[in-house]
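Before any comments, here is the structure.
Chain lettering (A, B and C) follows the sequence in which the chains are written, and residue indices restart at 1 in each chain.
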């Protein structure tokens, strides 16, 4: 099973992220789960673009020219920055919900609304 | 609540080095690992260190949020403007009109592994500077606004 | 009861992911023509050593334009949200 360690890590991280999103009731923990799920997707994209024995695609003092694919890394960079931006926005929503309802429990917020 | 004098002096000493390292990462984005986003995040980390060491109120008195907002908008405008400047000269939008031109950042590189030359890559350093400025201002202003939200609870 | 249902759904998702991917082989991408083109021609076309920066800012510059706009919009949203409370200045 160890020949496929990146995929197992991806599956475990996805499992942890989805479990947190489904089972936890606290908004902050749900956002942590979203971030863990994002990390799983990023890890999967990076691992798909890996080439055996490859180096980072940078020519400055490169020891060889066998390089990994640059496009997945570029798209992961985009994904990470957008993840930071959306996390800031989500945490702002959580703070406003706490200010309004006095709790971050999603069930209690749903009860209070009706 | 401001922290002790040791922490404040330490943050004062550390901030220039973090700032310079962040701008090194930004300026060498086309030669070494890094770039605008990463370097901007590093510089914003220095600002976060200062905000942690001093209190929110003191930092809020030091710098206006409007300046940071102006800086962030200026980064985005510079980013789009560098893409639009090629259209004036007759190139398509986002065409790299400075690469291999011999002017600013316009030197060619030897194909294959080489030691690296800062004066290359066309408008990519301009893009890195623009994005670095935007990320620096954006992350700092997010931290400041979030702290302004929890200010009432005694932090 | 609802919790057990959630656990069962999670187990189904996990086993599905394991089954479809257990013979997934990393290290040899199948279609890498585009990336090989970037690696070979990036230095002469853009004059950059860092191919990732080349892809981010030049070959896929529109992605980065949208990314910067998303970051800007998120920061504006955070600022608006706290300014609405009357606590920002």
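As a convention for this text, contacts are C-beta pairs under 8 Å (C-beta built on N, C-alpha and C of every residue); 3 or more make two chains touch, one makes a residue touch a chain.
Predicted model, so just to flag it, every value in this text is computed and none were measured.
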**Message:** Edges wherever two chains touch, nodes for the chains themselves; is that graph a line, a ring, a star, complete, or other here?
**Reply:** complete
**Item:** Chain pair, A-B or A-C, that carries the greater number of C-beta contacts
**Value:** A-C
**Item:** Centroid distance [mean C-alpha coordinates] between subunit C and subunit B, Å
**Value:** 21
**Message:** So the centre of each chain is just the mean of its C-alpha atoms; given that, what is the distance between subunit A and subunit B in Å?
**Reply:** 24
**Request:** Averaging only over C-alpha atoms, locate the centres of subunit A and subunit C and give their separation in whole Å.
**Result:** 9
**Fill in**
Check: subunit A positions touching at least 2 other chains come out as 56, 58-60, 65, 77, 81, 84-85, 88, 92, 99
**Request:** Send over the residues of subunit B in touch with two or more other chains.
**Result:** 31-33, 35, 109, 112, 114, 116, 135, 138, 142, 145-146, 149
**Fill in**
Residue ranges of subunit C touching at least 2 other chains are 43, 49-50, 52, 54, 56, 64, 71, 75, 78, 82, 85
**Item:** Residues of subunit A that touch subunit B when the two form their complex
**Value:** 56, 58-63, 65, 77, 80-81, 84-85, 88, 91-92, 95, 99
**Prompt:** Can you name the residues of subunit C that touch subunit B in the complex?
**Reply:** 43-50, 52-54, 56-58, 61-62, 64-65, 68-69, 71-72, 75, 78-79, 82-83, 85, 87-89
**Prompt:** What residues of subunit B sit close enough to touch subunit C in their complex?
**Reply:** 29-33, 35, 60, 64-65, 69, 72-73, 75-76, 79-80, 83, 94, 96, 99-100, 106-109, 111-112, 114, 116, 120-122, 124, 127-128, 131, 134-135, 138, 141-142, 145-146, 148-149, 151-152
**Asked** Of all residues in subunit C, which touch subunit A in the complex?
**Response** 3, 6-7, 9-10, 13-14, 17-18, 21-29, 32, 34-35, 38-39, 43, 49-52, 54-56, 60, 63-64, 67, 70-71, 73-75, 77-78, 81-82, 85
**Fill in**
Per the touch rule above, subunit A residues touching subunit C in the complex are 4, 6-7, 11, 14-15, 18-19, 22-23, 47-52, 56-60, 65, 67, 69-71, 73-75, 77-78, 81-82, 84-86, 88-89, 92-93, 96, 99
